[in-house]
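Take a look at the structure below.
By written order: A, B, C, D and E. Residues from 1 in each chain.
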Amino acid sequence: MSDQPILSVEHVGVRFGGLVAISDLHFDVRPGEILSLIGPNGAGKTTAFNVVTGFLKPTTGEVRFKGASLAGLPPNRINRLGLARTFQRTSVFPDDTVLDNVLIGLHREDGGASLLDAIFNLPKERAGEAARRAKARELIEWVGLSARAEERAGSLSYGEQRLVGVALALATDPSMLLLDEPVSGMNASETKNFVRLIRSVRDKGVTILLVEHDMPMVMEVSDRIVVLNHGKLIADGTPAEIRADPAVIEAYLGKSAATREAEREAAHA
Amino acid sequence: EETVKIGVNQPLTGPFAASGAYVVNGAKIAADEINAKGGVLGKKIQLVIEDNKSNPTEAAAVAEKLITSDKTPVMMGAWGSSLTLAVMPKLEEYEIPMLVETSSSGKITTSGNPFVFRISPPSALEAEMFAPMVEKLGIKKVDFLVINNDWGRGAAADFGKMLKGKGVEVGLTETMDAAAQDMSAQLAKIKGTDADTIMITAAVDQLTLLFKQMAATGVKKRVVTTGGSQNPDQIVAQAGSAAEKTMHLTTFLPWSPDKTPDPKATEYFLAEWKKRGYPFAGTTESFRGYDGVRTIAAAIEKAGSVEPKAIQKAFWDVELTGLNGPIKFVKSGPEGKESGQSKPGVYLIEISDGQIAEVKL
Amino acid sequence: MDQFLQHLVNAMVLGGAYALLGIGLTLIFGIMNVVNFTHGALYTFGAYAMYLASTALGMNFFLALPFAIVAGLALGALLELTLLRPLRGADIDTTMLVMIGAGIILQSGTLWIFGGVAKAIPSPFPDAPLQFAGVSISWLRLFVLLAAAALIALAYAMINGTRLGRAMRATFQDADTAALMGVNVRLIYTATFALGSSFAAAAGALLGPVYVVFPQMGDLAAVKAFAIVILGGLGSIAGATIGGFVLALAEEFGAGYVSSGYRDAMGFLIIIAVLLMKPTGLFARAERVG
Amino acid sequence: MLEIRDLECGYGPVAALKGISLDVGEGELVALIGANGAGKSTTLRTISGLVKPRAGTIRFRREDIAGADPARILSLGIAHCPEGRRVFPYMSVADNLAMGAYLRKDPIQVREDYDRVYSDFPRLAERRHQSAGTLSGGEQQMLAIGRALMSRPKLVMFDEPSLGLAPTIVEQTLRIIKAIRDGGATVLLVEQNAFAALELCDHAYLIETGRVVKRGLGPELIADPHVREAYLGG
Amino acid sequence: MTRYLPPVVLVVLALLPLGLKDPYLLNALITGGIFTIGAISLNLLLGYTGQLSLGHIAFFGIGAYASALTALGFDVGLFGDVRVIHEGWHPFIGFLVAIVVSGFFGYVVGRLSFRVRGAYFVIVTICFAEVVRLVALNWIELTQGPLALTSIPQMKLGFPGLGELTLRTKVQNYYLMLGVATLAYLVVARLVHSRFGRAMRGLKENEQLAMSVGVNATKTLTVAATFSAAIAGAAGSLYAHYFRIIDPDVFLFAYTVTMVIMVVSGGKGALAGPVIGGLIFGTLPVALRPYMAPEAQWIVYGAVLILILFLMPRGIAPYVDDWFAARRARRAHGAAPAAKPQLEGQR
């Protein structure tokens, strides 16, 4: 882990008309860590993701990724720099099979083939296509959807569609992955599997920024947590620090939840 | 029983459907009349009528069908200039003559297609016939309001040239889309000029609208319409008082059959038209179909055969009196490949107290 | 100056009619998401209904108008029941094509029944125009403007202020969930299409007497209606109204001061320009990402 | 109150439910738990009439409602809060709530219910004129819950109500659900937060690949080793 | 099985003129074929990127004018005293120019108008086509306006000096059309099956998601629009040199509608779709002509359209595909009854 942050959000503010969704948000993500961004509903977490990935222009401030400013870049360019995301709302290409979904994610893996190679179906293109398919199968296997690879993504259940979303984001071979509530709609066991998945992604060197309301999961997986309330940063620390932070308990965790959390943690141990 | 086939290529659906249908009905009267008298060359005439859908691609396809499937040795068509122009390459390809009954584009007879014989006047001809009337009407300055196609644009150019030659000033030339229904902007503009006369080229429906809208915007100037598709009766019926005192250059005078070049023929035609239950207003369009088929029949008779080549040649010798004057083809276009153009009569009529009468100057 | 005022007055009258045309379509296209190629045919139908009522049936002008509107409502309901209901859930392009087919049939049917010759609808207003300050406007057009304004207000109140209007909007945003709220979704589909159709018919019935009535009269009207709806933003009554006036102004002044040959081009250029600057029309709906 | 026997249904050739039977008694809070794709949502959708059953019966207070129209089912008193916060995106928060009360004809009580929803979820009150589609995920979920309550149902079915809600709001929501049951209404709850659901419910069904594989009281299922392994994370 | 269908159809179409001597039918096939090429190009946009271009005839018409003017020559004054004078060139150069010019316009329209999507894109394309038509109508010096460009030379193939072939006969023009159509089909096929095609599909189904996985929306859509317009321009060039006369009526909205009908009824987003639709709606008018009144022909035309979509809402090609798939599945089951049970789950 170097000290140079991979992503820095610098004094970002976002307004929608009169509504201030984020004000002066400021934090860094270090390479290789799993950082969680938590906060009450409507605190501005998804909005922050949208700013980082280029879907929203911030009213003030800017975001830097690997030292370079992302200001003005469209989402696809930002993705190319190695920043991938999933969406809070279930997001798949509904009319394509799961395999094709992932292949769309892999569309940039050109294997050196150009548009002309593609049109004339030259060897380079064919080799590239074979490589893409192999990689897609691998990713699907990894998220555990092999049995459904040939099914229409739109016909999968809610939770399964979320896994497709993750596979898609991973297909772009990111160096940093932004996950917006990835385990909502999964039960505790499925969540456990997912945590394993995230860890293995991180072990491949991918930095992870996570938004999630499932506190046991967040506490378990995060290296560090930042807390947002009303568009402002109110805390920053390790899971243990955050769990004990009165401001966070007040604004977000709730007293009973915090105690229950502690109990369960104790039971697990 | 063997028949002589004549191909009829007209718009029966699409924007020009109304006019095309009238022309076809006129053609049918002529065919029936001729057949009742024993046909041509001892055989009955058979009209093979096809719809070109007011669409040039279809007009060409229809010509192809008439020539190759139906084997018609001669055709009549295709109403609009776009449609006729689209057919013309086919005439050269298969060497089949065609009588053009309505189109007015100059190009039709000047592009060197020797299979074209036209009985309708191109606007240059119409302008030439109108020239003597200009002074008598006391026209000093003219604005043009024309439909934005070859017909309207051609008229504005040819009449403008003629008027300038006579020392008359030409002001605005405003155009309107063929499908336009609201011309108030053009009229507001024309209203503000010092021209004393507006010359309008458009089909009857647009003229009706124009007169109503002129009344509504308070445009009060002398109006002369050109182009021969005015259908004054329909205008009187639909525009009412808004059409009062408007003048129209027309090629046929069904309101006073006795003043037409061949009163007996006119009366026969009008009676037959009425008997078949068609509206009187359609006669100014349909007479061309009637004359067209009669002209073709005359050419076949002269040719003495139904060979396209012979008919083409015979067209040059045709001489008959049409409902609007003598039909006789003179050469037009590049030498060696001339098309035939007949010079019909052109009359100026005026609507006054809801009546239509020829203007005596 | 006179000329300028005259152009302005013309544009207002024309804009009222355009707005009416746009509102009918914004219901069907903007709210229902059906690319309605029968809109022109329904406009034509309204005009012919008006013509029949005031000539063959001998109705009074002011009676014939509601008759034509109701006839449009009925035809709209019939089209929805026979053509759209069986295809619910089908792709937007599929329903568009079915509507193209229906439009072809309606137009050819009209041509077959009435012939291609244009008809005129008698109007009870005096021919002489109303004159003031060097500007003239015909009584009939004034009536059309007022009637259009009344219908626009009615539509606005209905969509934005009533339970029915709310159910309509809900249904086309999410039919399943609307059904869960107790909305009779099938009825809403039929009602919306019928209502949109009746507005098209109303536009035809009002403009029929101003212009003339013929089978292809709806072609250009339909294209303009689409342009108006888009200009104003999909599904917005206020947008369609303003879009109608903007288009009328562009055409009127384009023809008056630039070139009449490019009259229609002015309108289209304005639309292109507006959409390039504001890609979701003048009245965009709020959207978000993620 | 609700009695389902051998319910089967599917999407196209895919069979989603392969014979589900369950009972919900008057005033009970019943939970359905199961893995992703097990068919929980489909069960609710079939009850509320969005999906037509292929076989089996659904009786609500003795009346057969299998295959009936959603509007009719709602009018009998069954409300369904669908999964994935299906709010009407281009309508305001207030209009969305009004849609929840679409069939009601008692304006005064409706007004009271608005106020109750707003006091349950103050965030919604702040945003009553915002387009629902621009709300944050959790705000939309609150709206969906509030909207389901606007019809004053006799039986209300929640499909993953805690989805995307912050912990405090989850608790608030669970409290509301309990209050509904305590107020005499019946609740059928689908929850991924199986632990919370099982703690809350009177009894629960475990659904796997379109079949009911277990039925029991909440604590029984919490103690069940299979349930612990598969749904509670061991 | 479906893999062998296109070559079989091609062979049948190639042999057709040998058995078919009627020039009228041949003419109908050529015209229908030219519009089918237009439909193939439209399918690239509508079927694969989901963007409906209702102004597609603009590219066709631009191609027709570009090709005709290149072959005929022109002399126009621009601003001031600047005049552009061009002597007529070989018609085949016209064909290439048409492709380039139309492609260029496709590029520009794509660049500008893909800021707007869906319904808004539809209107921008309609407006574009209308504006182009009005320019063709009013820029008389260049286009002769409504007076039409006449005497457009017939298409010539080959190189000067190496022997040339002027396509005079219908059969020759038929093969030219068929050749261009096959090429267009192949280009579109390769394009949509490549990773670019995947990017297009992604944009069509969920644009935000596609962008988040790195799809460059503007570029992808512009590539599609450029290719689509270029192919339409090629079709327009064929039209100009076959009909040998064009006027602003080539921009008729009805022609765009014809192409849309061909694409959607045949099955948009299926390669064979526009070909099937083109065969049906290219020949239907010819088939109906002898049997009924013109208005009735239109009514039947509309009714056939509705009927096809009632029976097959996704268009014909997907149903043919399904049918073959089902048959294959049945055969597989018949041969090995225990074969993969999850096949049942496929649609």
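Observations on the model:
Methods note: contacts are C-beta pairs under 8 Å (C-beta built on N, C-alpha and C of every residue); 3 or more make two chains touch, one makes a residue touch a chain.
Since the structure is predicted, the reported quantities are computational estimates derived from the model, not experimental observations.
Using the mean of the Cα atoms as each chain's centre, the chain most removed from subunit A is B. Two chain pairs, C-D and A-C, are compared here, and C-D has more C-beta pairs in contact (counted per touch definition above). Averaging Cα coordinates per chain places subunit A and subunit D 28 Å apart. Computed centre separation for the pair subunit A/subunit B is 73 angstrom, with centres defined by C-alpha atoms.
Between the CA-based centres of subunit B and subunit C the separation comes to 36 Å, rounded to the whole angstrom. Here the spacing of subunit A and subunit E, counted between their Cα centres, is 42 Å. Residue positions 14, 134 of subunit D are each in touch with at least two other chains.
Multi-chain contact residues of subunit A (touching two or more other chains) are listed as 46, 55, 87-89, 155. Shared interface positions of subunit E, i.e. residues touching 2 or more other chains, are given as 137-138, 208, 295, 298, 345-347.
Those residues of subunit E that touch subunit C in the complex are listed here as 46, 52, 112-113, 115-117, 119-120, 122-124, 126-128, 130-131, 134-135, 137-138, 208, 253, 257, 260-261, 264-265, 268, 293, 295-296, 298-299, 301-303, 305-306, 309-310, 313-315.
Every residue of subunit A that touches subunit D in the complex is listed here, in rising order: 16, 19, 39-43, 45-47, 88-90, 155-160, 181, 184-192, 213, 215, 252-254, 256-257. Interface residues of subunit C, counted against subunit A in their complex, comprise 289-290.
Subunit A meets subunit C in the complex at residues 46, 49-50, 55-56, 87-89, 180. Put simply, subunit C touches subunit D in their complex at residues 163, 166-167, 169-170, 173-174, 176-185, 235, 285-288.
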